[in-house]
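Note that chain A is present in both complexes that follow, paired respectively with chain B and with chain C.
And then the complex of A and B:
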């Protein structure tokens, strides 16, 4: 998948320690998209980078829980600012 | 009533959009819209990946006590499912997926009916009612 390849290239080139994925504009997360997000987390971890997903809509969060999806290996935060705090180790 | 082909990933997106419009127009709350669209996405992808493609139908229905609902049909003529109980088990998967498609979709809707036989295709009918 294109995003994953770009991400791996970017992590390798920059040595970034964190990845923030903003899903504010995402109306649904099904198991297909959920798997994409956890794969991004796995790829990032191979480059010693932590992944934080931010901006999840309340309706999406409720639906994800009922669907049974747990997004293993990625952290979540309310917004990009909180996500950065996590990556900077302040919370 | 809309009948939509499911032959590609783009078709899955179109099914989601059509379900979203029907759900919003019929008074489903934002959370219920999201649940139904997510279930539709899982089921449409099953039709595509496991059924080799098929058809989705979106229908507006009314209950005995006057509530509006959205009813969705997903039909394919693929290989079918031999063990329906197993297919509805969390985490069970034939492919590389997470095994949450059918079982997860069932939890997101109010009514769920799965009909299938080996060699005779698969049909899933779901309903979500407004509250």
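And then the complex of A and C:
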């Protein structure tokens, strides 16, 4: 929740065009986190910024799939480098 | 009241006295039973060991004998199971000791209680053999299943950044789970961002299998990898359509080659002949000096003729 609010403040202050969320360190997810990621994507879109989630672990991906969450509206990439490529290709 | 201790002692003494006769006859019976798959000498050696253990158990000489006999039988049954003998053949190996002894004592009426005692004991041992046999078989089967599981899910690297999973056989949830895990692990380990799932070897695709495939594709997408399904055969395509399965925006291709071409183009790669200087002048026999198609001077007017094998030629030279 804190992340969502900070991110919205930052986006409106800087007018950033892209958001990269690195979740390499996340080992366990639940439906709440899954929904939170989607919400962040939607909020960022309101500021015309695209969200890229990078560094997801296989176990996390399997869990999210089993939960039926496909993270619509959020791009994903292998690592931060590829995430930046996606954002650069867009702008 | 039967004199159990005395009966046992007498049976043990009898068996010890007739050692050679009984073991010889027993070996004959077993060798006939296994139909030449084990040599007589080997059978004889195995049975000598068992026989001496049986005698020790009957004579109550020491308390370890019973455990040793069980272990020896266990080992024997396992070996038989591994060598592909039937449970009947394995158990007969033990039961024929009864027959061997019976043939000897058949004439003497006073040996009946002793014989019954031995008979009861051998029945127990026979059951033990069957138990050990089936346990060994189950181990073999589960080992094979595990090995097959391992073999059936290779993840191969097609190109730098492109990996493929050729699936063969039937897909169930356990296998899908394994395929998914292996695919995702490989994606992360190699940093590949294109994956091809080839289902040429999957005989039937029903709603469940499709569900599993879509799950795998979804998980790969979450990692940021593009996933293509290839090798859909005509019958499978018919089934998928008639079942009303929607693959949504998942790219599907007829062959692995098509999927590779798609992945290459998505990665911004193009396949070109290594050398384009396959043209010779019909007059001087000189080679065209260009290395690439784009610089080749071979046009309708240049006088050089292509001698490049036609299969190597790229599609018709569009404008």
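Definition applied: the second predicted complex is superposed on the first by the 89 of 91 C-alpha atoms of A that agree within 3 Å, B and C clash if a C-alpha of one lies under 4 Å from a C-alpha of the other, contacts with A are read in each partner's own complex, and residues count from 1 in each chain.
Everything below uses one rule, namely that a contact is a pair of C-beta atoms (placed from the backbone, for glycine too) under 8 Å apart; a residue touches a chain by one contact, two chains touch by 3 or more.
Note that the structure is a prediction, hence the values are computed from the model and not measured.
Colleague: Please determine, from the superposition on chain A, whether chain B and chain C clash or fit.
Modeller: fit
Colleague: Where does A:56 make contact in the superposed view: on chain B (first), on chain C (second), on both, or on neither?
Modeller: Touch status of A:56: second partner only.
Colleague: Quick one: classify A:31 as touching chain B (first), chain C (second), both or neither.
Modeller: Only chain B; A:31 stays clear of chain C.
Colleague: Give me the angle at the C-alpha centre of chain A between the C-alpha centres of chain B and chain C, rounded to the nearest 10 degrees.
Modeller: Spelled out: centre of chain A as vertex, angle of 60 degrees.
Colleague: In the overlaid three-chain picture, which partner chain does A:9 touch, first (chain B) or second (chain C), both, or neither?
Modeller: neither
Colleague: A:48 contacts which: chain B (first), chain C (second), both, neither?
Modeller: Neither partner.
Colleague: When the two complexes are placed on top of each other via chain A, what is the minimal CA separation of chain B and chain C in Å?
Modeller: Superposed model gives a least chain B-chain C C-alpha distance of 7 Å.
Colleague: Intersection of chain A residues contacting chain B with those contacting chain C?
Modeller: Dual-contact residues (chain A): 57-58, 60, 62, 66.
Colleague: Touching chain B in the complex: which residues of chain A?
Modeller: By the definition above, chain A touches chain B via 27-32, 34-35, 57-60, 62-63, 66-69.
Colleague: With touch defined as at the start, can you tell me which chain A residues reach chain C in the complex?
Modeller: Chain A residues touching chain C: 53-54, 56-58, 60-62, 64-66, 70-71, 75-79, 82-83.
Colleague: Help me check something: in the complex, which residues belonging to chain C touch chain A?
Modeller: Residues 177, 180-181, 184-185, 187-188, 191, 193, 215, 218-225.
Colleague: Given the complex with chain A, which residues does chain B contribute to the contact?
Modeller: 16, 20, 30-31, 33-35, 37-38, 41-42, 45, 90, 97-98, 100-101, 103-105, 107-108
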